[in-house]
């Protein structure tokens, strides 16, 4: 058993480790200003981010991300449920929602800059706005995909509309809704960084921007790596939450 | 659709948004119309499409065959999966600072960004599709005497097409989005850069008009690809 | 043809031994989960026994032997949805070295045989369940197999279609005399179609009995099933499957 776990671990990890090691070796004597040695980057990374600058830059970024994301997802959920369960309303609103969804979220940031200026409100609005639509569309799709037999059964059991909604329709659409929320999370992450790169203030994106502007290349590299790691971690945590919430779905898939 | 526009117009004329910098519907639309007469807008649209489509093409040509090969080798798949998992989640905007330094605010930068965005995802999707072959089909073919090569050519690859198609659909949307990001934030010559120019020079109507153009372009590409997909993967729903 | 079958892994099967003569039709029945499918996988060479041997025409089977054809329960997954009916049938034919014209002819004749003439250009998912299974049967007979293996082929179609397909199998059997082994849950079906019924029972499973079915040919859904011997046979087999005898 332990043997199998370690064999699996080796198979999964040998390549990432080797790649990092190769990068380290190849860049050791690098004179290229744009590609400093990995060892130098690593030192700077530790110097900056473990853990002095975390509250200054990382925390604000993450707070923005999560608050904007939560607001957006909430609106998306409520709006999606309302639109998804109302045929008539859907016909009026869906085309517009579809269109807005096709707009690259990053492109909405200048609009928000125009409305709010370069400040905290702008970022919140931009992040929340972009997080609304993936979730909303997923909820609508989820409502549409509700199995009619399930709905009929709920009717026979004389469930109230609210019960049907909360206990039948929404859980049944769980997998679809969760994947929509995941997209919302990714979009919110991108917009968070974009809003910092375009605006000013604190945040990892802002830090990296200043670093590139002032040609502190190593610092910029640390910023980029940090953002990459954060992006990956945020996604990972989301996946864990999703796996827990959708236990029933994943188990049933395994059996089929 | 019309209703929404009405709401927008009302909101900006009388409501909380009036007096702010958000242009009213009429202003934005008329600005849109005015924009179309300008040659530089068409050039910018062309540049954006060029970045998006070139990047898309390169990532497809590189990513799908690579992914198929990876999927056919269990060892390669297991080894590469963690790397792919890591990179496919990183939004390309994250690497923009470095990429700008290396490439400068150029078209090449934009193309590189698009390829970066799509490559890992396409490799993963293709590999996954090739691996995920129905055991019932596999057993049947083996009983009828199919060789390994037959199995790959006749069963695994067609069977992987639905997955690959999904990957490409995502890539089409992402290419457009990343091309915009490359312009807006990276300064690559394109519509995105143009938009930033308008915004920073205080021309709200035009800025907004460009947002509309983005939406239209995105929708258009998606529709075109949908039709293409239906032709190629005709047996799926 | 001679089968002398084995103990499977995890002691699924033990001491299984029976033989199938050329042109015979044998059904394999038993309670759910007893190992019928495992036995089939051993017969087709997809799985290797942990002890014992399987022989076809005296040769030991270590991998799917030539001249094998299969019809499985889930036709939606054994026919390739991206190929038309004729391409699905021609795929196994390609390795037989026939000319293009011969292949086309074969396809036409087998489609005729199963009652689907003219459907060459259609796709499987355009056809009903029963028709798809007919395509699978057509594919099986197209290769003129030495051995036909069927795994609950009619379990996924409705009862009416089932009767039609059973009669199709009888007709095919009449016209081509293919040696066949079929796993089924339906005992009536087993008696109706077979020359002998192999009853598996126990854990690990072994051959409880091999029941000879002497009902006269040609068989008929109404008259054959109405005979006394039919009822006797099915009762006997059913009792064994349920462990009452």
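Order as written gives the chain letters A, B and C; numbering starts at 1 within each chain.
Everything that follows uses one rule, which is that a residue touches a chain if its C-beta (ideal position, glycine included) is under 8 Å from a C-beta of that chain, and two chains touch if they have at least 3 such contacts.
None of these values were measured; they are calculated from a predicted model.
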| field | Least step count from subunit A to subunit C, where 1 means the two chains touch | value | 2
| Relative to subunit B, chain with the most remote C-alpha centre | C
| task | Pick out whichever of the two, B-C or A-B, is joined by more C-beta pairs in contact. | result | A-B
| What whole-Å value do you get for the distance between subunit A and subunit C if each is reduced to the mean of its CA atoms? | 52
| note | subunit A to subunit B, mean C-alpha position gap in Å, rounds to 17
| said: For subunit B versus subunit C, what separation do you get between their C-alpha means, in angstrom? | reply: 49
| Residues of subunit A touching subunit B in the complex | 11-16, 19, 34, 92-93, 95-96, 98-100, 102-111, 113-115, 186, 189-190, 193-194, 197-198, 208-209, 211-212, 217, 220-221, 223-224, 227-228, 231-232, 235
| field | Touch list for subunit C against partner subunit B, complex | value | 41, 44-46, 64, 66, 68-70, 72, 74, 77-78, 80-83, 91-92, 95, 123, 125, 143, 149
| note | Within their complex, subunit B touches subunit A through residues 1, 3-4, 17, 20-22, 75, 78-83, 86, 89-91, 93-98, 100-102, 176-177, 180-181, 184-185, 192, 195-196, 199, 204, 207-208, 210-211, 214-216, 218-219, 222
| query | Which subunit B residues qualify as touching subunit C in the complex? | reply | 134, 136-137, 139-140, 142-146, 154-155, 158, 161, 234-235
